[in-house]
Amino acid sequence: MTNQFSSDTAPIELKDLYLPVMAEITDIKKMTELETLYTVQLPDGAELGHKPGQFVEVSMFGIGEAPFSISSSPTQRGVFELGIRKVGMLTDVMSRYQVGHKLGIRGPFGNGIDVEKFKGKDVLIVAGGIGLVPMRSMINYVIDNRDDFGRLIICYGSRSDKELLFVDELKQWTDDPRIEYHVTVDHGSPEWTGKTGVITTLIPTLDLDLPNTVTCVCGPPVMYRFVLLALKSKGLPEGNIYMSLERRMKCGVGKCGHCQINHTYVCQDGPVYHYPDIKALQEAL
Amino acid sequence: MSMNLDINVKHLTRVEGHGNIVVNMKEGVLEKAELAIVEAPRYFEAMLKGRSFHEAAIITSRICGICSLGHQMCSLQATEAALGLEISKQTRLLRKLLTHGATLQSNVLHAYFLAAPDLLGVGSVFPLVGSHPDVVLRALRMKRLANDIGDVVSGRAVHPITPVPGGFTRIPTEKELLGLKTKLVEEMVPDFLATVETLKALAGAIPSFTRETEFISLRRDDEYALYDGDICSSDTGTIGIEEYRKMTNEFVVSHSTSKHCKANRSSYMVGALARWNNNHDKLNDAALNAAKELGLEPGCCNPYMNTIAQVVEAGYCALDSVAIIDELLSDGLKNEKANQEPTRFGTGVGSTEVPRGILYHEYTYDRQARIVKANCIIPTGQNLANIDDDMKKLVPEIIEESKEDITLKLEMLVRAYDPCISCSVHMLDVDFVE
Amino acid sequence: MAQKPRVAIFDFTGCEGCELNQLNFEDQLLDILAHVDIVEWREAMDDRAEEYDIAFVEGSLSTPDCIKRINEVRRKAKVLVALGACAVQGGINGVKNTHPIEEVREEVYGDDKYLFPTLPALPISAAVKVDYNVRGCPMTQIEFLKVFTALVMGKEPIEPTQSVCVECKLNENECVYSKGMICLGPVTRAGCNAHCTNVGQYCTGCRGLVPEPNLAGMREILVEHGLSVDEAWKRLQLYNANELEGLSL
Amino acid sequence: MVQFFLESDRIAEFVAHLKGHKPVFAPHLKGDKSYAFSLVEDPAGVVLDYNRTMHSVKKYFMPPREKLLTFDLTENSCEGGQVEPVNAIFLGVHSYDLAAVHRLDHNFAEGQAEKNYLTRRQGAVFIGVSYEPDQYHFSGSVGIDPQDTRGFDIFLTKLLDGYVLEVLTPEGEKLMQGLDLPAHETGKPARGHFQQHIYVPQTKLNTVMAAGYDNEIWEQTAKKCVGCGTCNVVCPTCYCFNVEENVDISATKGDRQRSWDGCMLRDFSAVAGGEVFREGLADRQRHRVFRKFKYLSDTTGKPWCVGCGRCTAYCTADISIVSIVNHLVADYEKTVVAPI
């Protein structure tokens, strides 16, 4: 047995996983009372090089660091987008930032969606609330590579019509003949003419080519169980279901332990999981 | 100035705790001249009832943040006397060092932050940050170092941690004590001398006023008594601390949530000036020189000079702390465990000189070492009657001055006593018409 | 920042040790003053102000007059920070709440016990909304600086939720239980860097209980280590009488 | 393999000799009965005969508190934390603690290799020492013998009047150069006996755990456990951390620090919006035990508990990890029919 670390002379050349690069906010769009869309550019126009479903760790010095999904599609070059909901300390400070402000960025992290698995298939996206932020990356990826995929079906649920995100894009999706867009809100305002009810009410009415449909689900923790039930009772094979999970995380690189669900690290093996891989995991859903 | 005067200073500033000054003169007759204590009552004696001997000093330390160390020392003495716990020489020396540190820090705080603004004619220390930055920095440095003594020896200067019945939970290391000594010698001593210079320039602003007064303090034959000793009155001499009730005779007055005290006259004074008058023969040269520089003489009956006596004491404490550290180190520090095996369960009295004067705690313990009865007599309470007597003599003497000047002199008088009002209201609750 | 935040400091029923701790920032006091304008502080200055951005409040509420004053402070303050155990939990003053009020008055006033009105000692939050806490008895200096810088930077201060044990163990202190003492560290909120156990004393719980404390578990620990159930409860009450009000072991 | 005899009287000389090579870290008394690794200043302060240190040598590779980066707020810029190889000798390490270091090596090298830990780890030389198991040690049950020399450069086995000193690696040989010790011929004493055992072979632990997910032991334990987190902080294989920002009072600069964190703490799994993924103490206790005996073992084939007994020895609520595991074992065995 040798002592593989005994050498005191040759320090290993390793990347500092915790050191962010500084990126600039180039555009800010307020989407709702709480959610804002930030366009971010890396130094020298470098590409982030992400996959749909991946996330970055965003640093604000003196304030902290938190994970946010990349909302833009990899097909969008030069910049990327983050859709952020104001919920606490970091996101509150961030909501006061202006164009030109610099953020620290680490990533992209996580496995992201394996788009190959969706190619040639009908793509069903089920997004609840802020879950649309990461799913939008996939949606736009499909739209930009439209011929590689079959149908694109989007089910989107929101607490109220005032909280709908990306409203301009929602309109385009409604109008696009190649997108089947369904939306429901829990509580509609008097002006709301669309469906009301929780997101699961959208699923039974869908007309799906079951074996050929692959779905990705993302939303608040309580949503998963009910959506799964609905999908399964619809008859969708379990192997066709992917889901993007959220856990507390501190490092994004599989070290800090916070995001562990049993043996898997959400930041490494997720956030996008193939349902058969986690269905047996207690605590995952 | 007419012969009618009505002064009502609500929530006097730059004193610790809440007090009002009320003076009333009608047709040349002084109807009222008093310091009304309106601090909310705290009920410490009642709170102590039923508590374990481990907790007594922890609780009583919270009577007052400024005097927390003094309360702790006094409380530990009372507990140790009641439970028959002997303490070692090292423990006593460390406690003396702590007492010195606390006296030093409190006296410096009072002189620079609370009293100096009066002498300079400003409302607080903050304007001095701009106008006299070197003086403020010096004050901060001295306070820091005095607090360092508390931090190093007792774990924390405010509400000390390590002193427990029978000893300490942690003994400072030799290195820590040497560090303190170096700083005392290299920083504190020059800063003290500079303080004397600064004050000398301001001493002219100290009002001259005298009133024959009885002074009460601790006294020891072998040293300047701060941590422990016998009770000494400038009128009647020395008695043991167990007989403290004879010297305090607490009584209730309607204008104060704090009880008043008297011994041989209608009132008496405790604090730095009382200690100076009773024990100046035990001071070291540094202190005696400072006294000479600042015009403080034995038998001084001007209460405004209390601030000066505090500064003189600060010099004593700084240098005597060095002597204590030397003694501790030459004896060799021992990692002693606190002696916490009671040998009896009864009543015990403790008494310490806190910056504002002599303090007494008396506890009675049951057989489970829980308190059945507690009594704490606080210096500010003892001074209240004396302050009232001073005011009654002072007001007619200065009645020709403007109301502002009278008010200022009265405020300065009260502040000179450095009253610690949170301490004083451990007992009473009176309904005030404010 | 365009204008320096105006800061006011108030004291209610307490020992004023927390305020004193502010005066004890010898090393940082000037930095602190560089960031803010202190507009009212009775213990250190004469001025009285009409409004302020941040009010630091020390002490607990224990007379009807206190309640009147705190409401006024709240009205004038944009942000209100409770300083120290008395303000945050009622502190050691709360011990008086654990005795029947009749008994307390009798102990103190003797025959005159009916002369004076009194209230239980209450935390500031019992009367008005408190935005942030700086815990400890006296308030923990490092936490004050953290809250202070957070407010100056315009971010929310984070209140620790783990136990003192965590900090104590991070410092690799010998557990005081193994020295035959008891300790409230397991259910006391961290943030003091285990100040007391660092110097060999037990944690008396001055920073208040952790969220959702397992009190039955804590009682077992104390009783296993030699306290009676009654004594165990008293020790827990020292700083937490208000939170434990109505509970028993 | 070369074996020498190190007489008790010559230990100080041995330590002084080691100090001539590199800084030496060894167990010292801290407090009345507690031990801690610290830098050897005076060889006489080194304690080789001890039950356990509160922290393992983990603290040198992953310090309890560590700067990840420093930042300047006026410039809005940052710099990475400066890490140096420890490059030191660790003297008096128990076999389970080195086993724990090897597990951490896996955690920090696997996936994205972490610079901070792996850089610090460089130049560490380990001198083991045998120990007499006390009422808490159970490393035998996870395959680590008190005289297990695997991974050590030098190993000391206790005799009545000294130690058998085995030199196991070239690094060990280098350290011994210039120190003249008599050879030891008579072999090593028998190893000490464990008082604590897990009643199932370690290969079966995964299965036992899998069957024990809903066991009542978790709720039972949760009644006693106060969630203080001690068991996490003292564990040599716990590596979770929290990250916090510190800003200096001038509000112009600061640093980002990580500190040891633990899955027994409530906020460990809390996310914005108030959701706590492991809300109850029972859930958290199970997560902790499963992290040691199942989750990581599922992928690595090794239990992540090394049987040091720290979590039990330091638990004020007297919760024993061995008792929990044995409870699961007993219940598991009730459900499987013994082969006839």
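As written, the chain order gives the labels A, B, C and D, with residue 1 at the start of each chain.
By definition in this document, a residue touches a chain if its C-beta (ideal position, glycine included) is under 8 Å from a C-beta of that chain, and two chains touch if they have at least 3 such contacts.
The structure presented is a predicted model; accordingly, all values stated were derived computationally and were not measured.
**Student:** Of the chains shown, whose Cα centre falls closest to the middle of all protein Cα atoms?
**Tutor:** C
**Student:** So how far apart, in whole Å, are chain B and chain D when each is placed at the average of its C-alpha atoms?
**Tutor:** The computed centroid separation for chain B versus chain D comes out at 52 Å.
**Student:** On a C-alpha centroid basis, what's the spacing between chain A and chain C, in Å?
**Tutor:** 42
**Student:** If you average the Cα atoms of chain B and of chain C to get two centres, how far apart are those centres in Å?
**Tutor:** The answer is 25 Å.
**Student:** Suppose each chain is reduced to the average of its Cα coordinates; what separation in Å results between chain A and chain B?
**Tutor:** Here chain A and chain B have centroids separated by 65 Å.
**Student:** Mind pulling the residue numbers of chain C that touch at least two other chains?
**Tutor:** If we look for residues of chain C contacting two or more partner chains, we find 153, 158, 200.
**Student:** Give me the residue numbers in chain A that touch at least two other chains, ranges are fine.
**Tutor:** Each of 62-63, 88 in chain A touches at least two other chains.
**Student:** Check each residue of chain D and list the ones that touch at least two other chains.
**Tutor:** 244, 247, 251, in rising order.
**Student:** Considering every pair of chains, which are in touch?
**Tutor:** Touching chain pairs, listed by label, are A-C, A-D, B-C, C-D.
**Student:** How about chain C: which of its residues touch chain A in the complex?
**Tutor:** Going by the criterion above, the answer is residues 153-156, 158.
**Student:** Quick one: in the complex, what on chain C touches chain B?
**Tutor:** 11-21, 23-24, 26-27, 29-30, 33, 38, 41-47, 62-63, 65-66, 91-93, 95-96, 99, 103-104, 107-109, 112, 115-118, 137-138, 195-196, 198-201, 204, 231, 234-235, 238
**Student:** If you look only at chain A, which of its residues touch chain C in the complex?
**Tutor:** Going through chain A, the ones touching chain C are 62-63, 88-89, 92-93, 96.
**Student:** Which stretch or stretches of chain D touch chain A in the complex?
**Tutor:** Chain D reaches chain A through residues 22, 68-69, 71-73, 76-81, 85, 87, 105, 107-108, 110-116, 118-119, 121-126, 150-151, 153, 168-171, 213, 239-245, 247, 251, 254, 256, 258, 261, 263, 268-273, 275, 277-278, 283, 287, 290-291, 294-296, 298-299.
**Student:** If we count contacts the way the header does, which residues on chain B are in touch with chain C in the complex?
**Tutor:** 11, 13-18, 39-43, 45-47, 49-52, 55, 58-59, 62-66, 68, 109, 113-114, 123-126, 129, 137, 140-141, 143-144, 147, 155-159, 161-162, 164, 168-170, 252, 422, 427-431, 434
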